[in-house]
Amino acid sequence: MAASAIVPPSPELLESEWKTPDRGKVGITFLILTETSLFTMFVATYLIYIGKSLTGPYPKDVLEIPILATICLLSSSGTIVFAEHALEREELGRFKVWWLATLLLGLIFLAYTGIEWRHLIYVDHLTISTNLFGTTFYSLVGLHASHVIVGAVFLTLVLVVTLRGFPIATQKRRVMFLSWYWHFVDAVWVVVFTVVYIIGR
Amino acid sequence: MASIDYPLERPEAAPREFSFSESLYKWVATVDHKRLGLMYMVSALVFLVIAGIMASVMRLQLAVPNNHLVGPATFNRLFTMHGTTMVFLVGMPIVAGMANYLVPLMIGARDMAFPRLNAFGFWIFLFGGVLLYYSYLGGSGLSGAGSAPDVGWFAYAPLTEKAFSHGASTDFWALGVLVSGFGSIASAINVIATCVSLRCPGMTLARMPVFVWVMLVDAWLVLVVLPPLSAAQIMLLLDRFLGAHFFDTQFGGSAVLWQHMFWIFGHPEVYILIFPAFGTLSEVIPIFARKPIFGRPAMVGAVVAIGFISLGVWAHHMFAIGMTSWSNTFFAAASMLVGVPTGIKIFNWTATMYGGKIRFAVSMMFCCGFLLQFLVAGLTGIMLAIAPFDWQLHDSYFVVAHFHFTLIGGLVFGVFAGIYYWFPKVTGKMLSETLGKWHFWLFCIGFNLTFIPLHFAGMLGMPRRIYTYAAGRGWESWNTIATIGVFFQIAGIACFAWNVIQSVRSGKAAGDDPWDAWTLEWATTSPPPEYNFEKLPVVRSSRPLWDLKHPQDPDWKYD
Amino acid sequence: MLALAALAWLQSPTPALTEHRIANIFKPLASPAESEYQIALFSFVITGAIFVAVAGLIIYTMVRFRRRRDDDTRQEPPQVYGSNQIEAAWTVIPILIVFVLIGVTARVVASVENASPPASTVKLTLIGHQWWWEVQYPDFGVVTANEIHVPVSRDGAHTATYLQLESVDVIHSFWVPQLSGKTDLIPNRDNFLWIDPREPGVYLGNCAEYCGTQHANMLLRVIAEERSDFERWAAEQRRPAEQDGQIGEARATFESLSCVNCHTVKGTAAAGKFGPDLTHLMSRQTLGAGVLANTGANLRAWVNDPQQSKPGCFMPSMKLTDRELDQVVAYLQTLK
Amino acid sequence: MAADTHHGEAGERTERTHVILPAPTSWPMVFAFGVTLLFAGMVTQWVVGVVGLIITARAAVGWWRNVIPVEEHEEVPIDPALRPAPIMVEARSVVRLAAGEAGHRVRIPEEIHPYSAGFWGGLAGGAAMAALACLYGLVAQHSIWYPINLLAGTVIPDLGNATVEQLRAFNGLAFFAALVGHVVISVLVGIVYAVMLPMFPKYAPFWAGILVPLIWTGLVATVLNLINPVMVGRINWPWFVVCQLAFGLVGGYVIARSTKIQTMQSWGLAERAFIEAPGLKPPREEDRE
């Protein structure tokens, strides 16, 4: 006997074409989920060890609130959105400007972190092995900074290939994923900032 | 859609010859989910054999009191590497391998969502494993001599701190496991994106096979709980390389913090490992009982519930650290609650069999073995969840027996059920049922002979991780029996290996659908072509092949 | 082998006490172990009943619904999808059981953990070392190792012994199954535990948390004796070592060797803190945290090369000459 | 379904000769190797790490080129010789279950008491039981708190040493514990009753109202000293049995009185989607067979 299934079409296939979520969106969402889990552990450790250092220097003695850096990083979330909008409308010039602005803001943030660490190490003599504060501070802020660096590397790559004439408008989807990641890094900074510079002090 | 008549005969395929380097390149450069899945499974089985040999040596050492077969340093390395290998290099690749091979086939997709990431995941898992094993050459452990890690698979701080663990073996442990963890993350993201995005038309979430659902939850759990382990390992490495003080009690650090982070990972990890077996049973039992899975929504719901509850039970591994009575009660309560969804699963599998016509193929026999042994594991798990009872049982051989019932009686039996079930699909050859029955009975008897007595040794006060013990403490006979059981298990595994070799060489051809099954992977050839399906199928129920086989009585009318 | 071991035990200093070598958790001889035993029984009853019911159901199903030879192969069995009612039943009933179990667990946890000490309490501090136990009785001024002497608890005179658990290096765990479940000894964290042995005797236990190379040989004995015996023992232990003129030379040899860097003998130049206090070494039943019975021959073998009987332990082979060895052993044997 | 899509039944064929699949590439493997070396460098030689870094960077470039601007693909030819066999219609019939009309997929039972009836029945039974127990307390011990404190002894260890006076006195924590425990258990048992009443053999009220409470009492009696050491010496068994029976009878009555509702599971998909009304449907083909 031959296969002769006479099957009426499914109701949901009648309604419209079969659609599933974009795999890239799903992938980046769950990458962010797993990163969140990683950061949660470091943040929790930081919170647990607040005030447990046996010797100084203590946070209140040496930490200064990085207002400028915070403003830079948070506003870079806005500039990357503008860049995306520009790309959406295929306005390459504006895209480049906003993208460059995002990258610069990110770099300013990193530079500030570098200066802060330098000061902490050479002036305040706080290293990762000084006390629990040093241990948790450098690891948490460093973990976040390493994410900013990864983001900045990708931002730079996009900028370089765009400037060299690569048709970036063909990559809207990937640019969007990069911007999601960048937003995530910013959001993490809000938490790190609150924990380290407000609660921790 | 009109009815189509197919010719029944197929022309013989002309086999194409590949040179060695060609086929090597095909394997190394592949991004095909089936090849990667197969590579995962093969490397898992290789590591299983290695870890099994380690376990056998340990059992020989403990067979009689005051034995001098291996010294303490060697023994400690053996159990550390055995545990680490079994969890990270056997269990995790089995999860990834089964998901890789089967999920795209079951949901009617051509590949995983991110094929290159998938290849990366496999290779970094494998290289991580190699890095861990390289420690046998490059590391040096607690007592200094060059060799593998000897801090236990859960590597409790502060034993792992530089002050107590000189040399590099602990670094190898942390780095090897960390690196192979990247692979698990990559594979988990892949599985989720595949399940969510690549389902074939009509494959709604409600119709997705239970196996795929289980793998979806499994991948989600990996993403949530693996980072805590990575975080702990990064902290440990910072302590060891840069002199940080996360787990350094001299500087006010906490020895308990590691345990918290480790078990936030470690307990859900147990469910991560057992889930592939859950999924396998949910596919195999219906086919051999000839009934749909009983209470599909409840089965899926139970897995999701286990996934969530498992996130809140970790401290039941820490009842002995002196927590407050409130914490102890909370974690005891949460742990017992896991028993409820687990019970639902066992009942529903039984109910699937109830009223069916059960055909005891080897695969089904392993499922039945699973049901009974996993029941024991679950009930001893309830005992361990009762905090006051756990104060006695914790870190005793009772615990060893309990989790081996879970992971061998459960996971390994489930995986064998899966191998006997899907082997024809993967290779196109049937496994011998006779050899398979030998395998099952020898392995089942050996397993029970080994691990039932260990419960008693534990209740007589035998702690874990001791390389030797004095005579006269009531542990000798139990240990001797346990060691005898190992030989049965080895014989069983030998039957299995022989069976596989025989089948691949000269097994009976399997055909596309040897079990008369109902899920999509059986709609294509065995082994499936690179593209899985010529046309992406359309499904209307959770049993698409049932619908085709029973057009007058299809599932979609009721789904 | 067994007979030899038994012989060795017979020669130990306190042969009068029963030795509970088989640490069966189902023969509890103190209150915490008793509570744990009770709830263990309860859990056995419940899980046993569940096992019989469920395993019975599974086996019945397997047997009853197996495919028979004479089955009509042209028929598929009824395709039943499920039943919310039956499923609800086997969801709610386990929840009920778990609910009861949680209640009972909560009570026992609280009764063991939050018990308040009776008036006549002995307090001691137990400190874990890799791989031996340091025992301090601050109220008695006594420091000893690997053997905990406690007064036995009688109905008339209920005495509990409170242990403060500490560690100087890694995590260890106190486990004397017949007296109490485990509590860990964790560096930088104080834990507490109490026991009230009901029968005089020697109770064997182990370190139950993996603590490094010689975890297996970190054995512990709790010696429960009558109050009067305990007091006498404590008084003995408080004294510094004997100053006997006859052994002056042996003592000088001992003090000239590097033994004194790690061990203390009260009243002598030996004041090391790294190893066990040896002031009353000969009053103890075992050597090397339970590896060897404390006999003359074993003592000599131990001092000569501890790595032989406890490989990896921190006491090095001293490479003593025969003469030095004789004198050190002779001296140690005077430390009663 | 739109005619132009290339989807088909499981195992169906197409006219096309190729399927587009991602092209094989070894860069992911090289990348993984580089990353591993990078980490291995931390614990062996720094040279190893540097080599790892170089390999990682090279592989990253290779991988990047592989996916940008578009992912590399290859066309895999469809080998007509490797096509799956068509899926055959099975000659086997399916055994029908007797219950229900359209019913071989029916889930038993067709009609149940609603879960809400179980909830309220449990509460009512629990209230009756509590009232009787308090009455016993009042009559025998001159205090309604006495039985409440006894019940709370399951969770609260201090009550184990309490005197009769203390047991007669009001104890806030004990009251709270007993109340929560009693309500939760009553409701859960009520739901079990609601679910299982239709499954009991004949004379369900007898089973639910009398026999089950008696079995329950027997169960409690065997493990009472483990569950509740406070109650062991003080329990009055006749009263205890009366209280259990009160629960069974009152709860069972409330549940049995509730209107049974039909489970939708015997309906077809169309009926459950309210496309067809269950009462109005024409008889199915298979029913006429």
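Per-chain residue numbering starts at 1, and chain names A, B, C and D are given in the order in which the chains are listed.
Assume contacts are C-beta pairs under 8 Å (C-beta built on N, C-alpha and C of every residue); 3 or more make two chains touch, one makes a residue touch a chain.
Since the model is a prediction, treat every value here as computed from it, not as a measurement.
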Chain nearest the overall C-alpha centroid of the shown protein atoms: B
Identity of the chain that, by mean CA position, is farthest from subunit C: A
Separation of mean Cα positions, subunit C and subunit A [Å, integer]: 51
Centroid spacing, where centroids are CA-atom means, of subunit B and subunit C in whole angstrom: 35
Centre-of-Cα separation between subunit D and subunit A, whole angstrom: 39
Approximate Å spacing (C-alpha centroids) for the pair subunit C, subunit D: 42
Of all residues in subunit C, the ones touching two or more other chains: 39, 46, 76-84, 86, 95, 106, 108, 110, 114
Per-residue multi-chain contacts in subunit B, two or more chains: 1, 4, 6, 8, 200-201, 252-254, 538, 548, 551, 556, 558
Multi-partner residues of subunit D (at least 2 other chains): 1, 5, 7, 9, 86-89, 91, 94, 104-105
Full enumeration of touching chain pairs: A-B, A-D, B-C, B-D, C-D
Parts of subunit C lying in touch with subunit B, wherever the complex brings them together: 1-2, 5-6, 21-26, 32-33, 35-36, 39-40, 43-44, 46-47, 50-51, 54-55, 57-59, 61-62, 65-67, 71, 76-84, 86-87, 90-91, 94-95, 98, 101-102, 105-106, 108-110, 112-114, 130, 165, 169-171, 173, 175, 177, 180-184, 186-189, 191-192, 204-217, 219, 290, 311-312
Contacting residues of subunit A [partner subunit B, same complex]: 2-7, 9-10, 12-13, 18, 20-24, 26-27, 30-31, 33-35, 37-38, 40-42, 45, 48-49, 52-54, 128-129, 131-132, 134-136, 138-139, 143
In the complex, subunit D residues that touch subunit B: 1, 5-14, 16, 19, 21-29, 31-33, 35-36, 39-40, 42-44, 63, 66-67, 76, 78-90, 94, 104-105, 268-270, 286
Contacting residues of subunit A [partner subunit D, same complex]: 1-5, 7, 9, 13-14, 17-18, 157, 166-167, 170-171, 174
Subunit D - residues contacting subunit A, complex: 1-2, 5, 7, 9, 64, 68-70, 86-89, 91
